[in-house]
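Think of it as A, B, C and D in the order they're written, each chain with its own count starting at 1.
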Amino acid sequence: MEKSYRTNNIIFATLVLLTLFTWILGQKDIIGDISEIIDGKAFFLILLSIAIIKVHLIGDFFMHLNTVSGFWRWIITLWVMLTGSFIAIAFLL
Amino acid sequence: MSEVFTKSMARNIFYGGSVFFFLLLIALTFQTHEAWPERDNHENLTDQVRHGKELWEVNNCVGCHSLLGEGAYFAPELGNVYQRYGNSTDAIKAFIMSRPKEGIEGRRSMPQFNFNDEELEAIAQFLKYVSGINTNDWPPNIQG
Amino acid sequence: MYIQESIKTKYPPGDLALWIFICAELLVFAIFFAAYAFTRASNIELFNQYQATLNTDLALLNTIALLTSSYFVVSAIISIKENKQKQSTRFLFLSIIGGCAFLIMKMTEYSHHMSEGINLTTNLFYMFYLSLTFFHFMHVILGIMILLVLWLNTRKGLYTADNHDGLVSGGAYWHMVDLVWLILFPLIYIMK
Amino acid sequence: MKYESQSVAKLYFIAAIGLFVGQIVFGLIMGLQYVMGDFLFPEIPFNVARMVHTNLLIVWLLFGFMGASYYLVPEEAETELHSPMLAKLMFWVFLVAGALTILGYLLVPYAALAEMTGNHLLPTMGREFLEQPTITKIGIVIVALTFLYNIAFTILKGRKTVITLVLLLGLAGLAIFFLFSFYNPDNLVKDKFYWWFVVHLWVEGVWELIMASILAFVLIKTTGVDREIIEKWLYIIIAMALITGLIGTGHHFFWIGAPEYWLWWGSIFSALEPIPFFMMTVFAFNMVNKRRINHPNQPAVLWALGTAVMAFLGAGVWGFMHTLAPVNYYTHGTQITAAHGHMAFYGAYVMIVLAIISYAMPMMRGRKACNSAASQIVEMWSFWLMTISMVFITLFLTGAGILQVWLQRFSDEPMSFMVVQEKIELFYWMREGAGLVFLIGLLLYVYSFFIGGKERTVEDKV
């Protein structure tokens, strides 16, 4: 059970760090105008990838889908990939 | 596999879900009330228009016509009839008065309601008021 | 214990009825997100302009509040598996605090908008922003009510190491509320 | 039949079928008026025929729901009805009030009817489907409350099952939302907005609870599947129906002066409205496949499966087709709406009432489980005739609607309404033809009640 707590802590820390990173990317006064550093599409893709990873982590570890096999194992990941691709199509095309 | 899907959970989802979405409907309805004054043309809602609405109702106009798309689809849409008749209440009145008592052979015809002048004016004013409602640009064109 | 964990099950932990419900909810949110993204694509100027008026600091705190709250729910489930009801109760209480913190911060944000006279009809961006966040806000309220029930049940000792399906199901719902926000946060506040 | 008092349902069912015949006759009159504009003018103008057609539909479905409740509630609650006398009394009150109202529509001009019934005291008349004189509306409320009282007290003193609870919830909702019909503000926008609180929250809300619970009852009885399983499904289906249907009301708020955000909320939630209907189809077929008995009443099973499929097609598919705001912008208020309305009402509500009648009637007429083989064959013929002709009515009206949208709203040189109506006349003729076949099917249905013969037994499987 110690292992469960440890996994939980690691996942939580990762999620918080990724969230902070997302937030920093949105701060003009910390990193300046983002468009001078990377191009808009890359900026968007970074943000989207982080969001997808976060959702996948929640599904796998918080909702314990990593203990499931078959269709339900992928339900959350599938959802976020689909939603993410719709958003990506709208933002990039 | 023991119960993967229990009746008590199904029940909770039913009650919880229904109450949740009913509250959401009430919240949105409340917001709709807030937004109406800018859209519903209430500033032109005179006593004459009120009388016109009453005449519209007690003669069951909605039994053949549609108004803002709702009603029967047997006769033309009247939500924009004021514009279709060249922004003229007189043209509307003239049409209502001109309907033959015995109908038109082989064709659909509006009955002759024998309205007096005051009633005709009230109906025409009602239709003019309706045409001023903000309907998100519906109908798509003047034909209704 | 180790062997048990390595056996994979066919259905997700918790009640399948709830998972069907979660799928339905996620579908609604997915459509809302796609609608936002596609509407933005034809109104980029407007969306970027008003997105800048949102408070990303509060949104960050809100995200962390939900994450922390979710974390405590998972901790509560681990505790119950060890039959530590007291500890589990405490964790659930903390997760409720996290949810309430979200509500309070979000309400501060809403009252700020209200004082500026912003509502659903102000413009297309605010329509989406308010619709999406308010729909989510109501889910947080529902989620907290579920957590309250779980908390009371745990306190009464209704859940044990062998029987805690209710706790896992309620927890899954709360994680759903959390993960939807994880998309909402970058999508509405930061992406441009 | 296990309880004596269940037999009051028979009265209700007979009245329902009688009024159904009337509804179809007036439907045919209207259909003819679409192509021969002066037919019966000015004696029965179109609006009068339409009022009779739609009001009879509502009244006979209500008779059907009440009959269904009186039949299934005692059996589910395992007790006699609280007051069979009251049930009979209310039957006559409702029938007489209904008949007087219909006669009023037919015999005096509508404005005179409004005058006679004191509409100016509390104006509620003259709105689509709510044309009844205010006094009739008050009568409906009294009948509904008495009925609810009778049903509720029967449930309270007996066994409480999920089916009866859901049914009771649906019936209570029916009574509550009807109260919005008394609210008729001068402001047309508000009038229209709250009008939907009756119409939408009835047919896409609480009526679905009634329908689902009747369907669940018929399936339990005819398939012998475990109650526990059926009840679970019942909960999930009605949960989805309300989750999508409540905010789905928004698809009516697009163009009547409600704010723009309803375009989004209405489109999104009503796009999900087919889900519960789809689940219902899967559910019905699943249960019949898992059946543990071969019930000898085959038409009842057929109606139950039919209602699940046709409700999905009519309410789900045809509804979805024009529910998204950008599509609805062009189709709103055209024959496409009429097409959807016909199939949805037939599939969801007509067929469920016929299913429970088909299941219950033989037993109320003293048979053990079902009618003779000869009678069943005729009834199944009537099923296919009515259902297939309804599919064609829907297809023809859809064709008419698509052409209407094209000519009147979409093409470069839009034509006026009346010109378009003449151009799509052919579709109206074909619709009228399909309507005639429907009437033949309905008459066969009535005829099937009069065919005697030896009762088909359980062993007598096909």
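Worth a mention:
Basically, a contact is a pair of C-beta atoms (placed from the backbone, for glycine too) under 8 Å apart; a residue touches a chain by one contact, two chains touch by 3 or more.
Only a predicted model underlies this, so the values are computations on that prediction, with no experimental measurement involved.
A simple rule picks the central chain: find each chain's mean C-alpha point, then take the one closest to the mean of all protein C-alpha atoms, which gives D. Counting C-beta pairs in contact, the chain pair with the largest number is B-D. Ranked by how far their CA centres sit from the centre of chain D, the chains are topped by A. Rounded to whole angstrom units, the spacing between the C-alpha centres of chain A and chain B is 48.
Distance from the chain C centre to the chain D centre is 39 Å, each centre being the mean of its Cα atoms. Centroid to centroid, with C-alpha atoms defining each point, chain B and chain D lie 23 Å apart.
Those residues of chain C in touch with two or more other chains are numbered 10-11, 17, 21, 120-121. Multi-chain contact residues of chain D, defined as those touching 2 or more other chains: 232, 235-236, 239, 243, 259-261, 265.
A list of each chain pair in contact follows: A-C, B-C, B-D, C-D.
The residues of chain B lying in touch with chain D in their complex are 5-7, 10-11, 13-14, 17-18, 20-22, 24-25, 28, 31-32, 35-36, 39-42, 45, 49-50, 53-54, 56-64, 66-77, 101-109, 111, 113, 129-130, 133-136, 138-144.
If you check the complex, the residues on chain C that touch chain D are 17, 20-21, 24, 27-28, 31-32, 35, 120-121, 127-128, 131. Of all residues in chain C, only 10-11, 15-18, 21, 119-121, 134-135, 138, 142, 146, 165, 169 touch chain B in the complex they form.
Partner chain B is touched in their complex by these residues of chain D: 33-34, 36-38, 41-42, 45-48, 50-51, 110-111, 114-115, 119-120, 123, 125-128, 131, 162, 184, 186-190, 192-193, 228, 231-232, 235-236, 238-239, 242-243, 246-247, 249-250, 253-263, 265, 329-330, 332-335, 337-338, 408-410, 414-418, 421.
On chain D, the positions that touch chain C within their shared complex are 232, 235-236, 239-240, 243, 259-261, 264-265, 268-269, 271-272, 275.
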